[in-house]
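Just below is one structure, and these are the notes that go with it.
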């Protein structure tokens, strides 16, 4: 597969520092060979801005795709932290629940969710191909456009 | 338990061909003895039509129940594919997340979700009884009425 | 850690009787060392009343926090039942999906979800710290304000 860190760099992505939750939960929990990550919103763009708002009202599908890709950037940072910095321990991206902040009429959730799914595959190859649901939420914390939770399988 | 394929046939159900996603995700991922299936919408009715729309607006609870049962038909097809065609490998239907396309006022999500839960039990007996959540979404891909994701446990 | 039952009593909490679902699903399913609990709503308050309604419309964030804490009370009752009455078998609260009944404008889902997350930590200490998503739903069964599903890890 080549080196995952190199692959991320070649995609022009700088991983953000992983921030810790400010409440009584944690970024990830490992049980057996599975790691459950807490739901993630978009990382900042390189210029420090970050997408915000509701699909079907504030953002179009293309902008939603970009937001989901930025969730993927946060996800890579969190995954790296969860495996102690060694991406080679990631055996499989198992499952994504891609939750899109949607009006009652917006129906292109899969096209938005692809932003994160594509990045996982660009970075991890076939091991990045996951089971997935992509669905519309009434709203999300801080009015972020997309929140995604992920389960990954790690080697021992 | 008797033969699962026979039981499905006696229910008058013909399993659809399992269609592959057209994006960077897969129908199911196995990790250990668990299989995570991607979220599923309703299968076509025998006449080729398929339920569409929002509960509390376009469809009533009874129509939602039918839609959830048709999701179950798709689920049976996907499960069969995931276990290489041998339903006897299904040890347990572990968990359903039943997501109903709902207006802000619709509150009968469990009665809708029962359409799939009932079918799982009719087909798999006690092994089909699962943990479940049934909740209301702002919308779903393509305005489908119900999307359900499932985790199943398989024997080695 | 001290005795979990004592800790619950010191918090002034009386666990409700765990009620069985009236449909074709079950309160919890164990697979390996994981137990998946069905989605839970709030327990009754000591006076028999129970919070109901939508955040951003019927209830404010503080009232939502109380409702999520009451979901946690139900969760403790269900967990106890699932481990045969012995809380010492709970190794870790792995993952919460905290689903808040929200208007299209409500965005304080984490502050609501903390009601349950705080209780899990008060009762189980560091073993109660979980991965989590906190998100907004179009509606929930019976118009309850919060529904939470949880995965716990148990020792053999």
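Chains here go by letter, A, B and C, matching the order in which they are written, and residues are numbered from 1 within each.
Methods note: contacts are C-beta pairs under 8 Å (C-beta built on N, C-alpha and C of every residue); 3 or more make two chains touch, one makes a residue touch a chain.
What you see is a predicted model; the values in this text were computed from it and never measured.
A.B. asks: How would the chain B/chain C interface be labelled, same or different, where same requires over half of its residue numbers to be shared?
C.D. replies: different
A.B. asks: In degrees and to the nearest 5, what turn takes the CA positions of chain A onto those of chain C?
C.D. replies: That pair's rotation angle lands at 120 degrees.
A.B. asks: Would you kindly tell me how far, in whole Å, the mean C-alpha position of chain C lies from that of chain B?
C.D. replies: Result: the chain centres lie 25 Å from each other.
A.B. asks: I need the residues of chain A touching at least two other chains; which ones are they?
C.D. replies: 32, 97, 103-104, 137-138
A.B. asks: For the complex, give me every residue of chain B touching chain A.
C.D. replies: The touching residues are 21, 23-29, 31-32, 36-39, 54, 97, 99, 103-104, 137-143, 147, 149.
A.B. asks: Which stretch or stretches of chain B touch chain C in the complex?
C.D. replies: Residues of chain B touching chain C: 32-34, 92, 94-97, 102-110, 114, 117-118, 120-121, 128-138, 151, 153.
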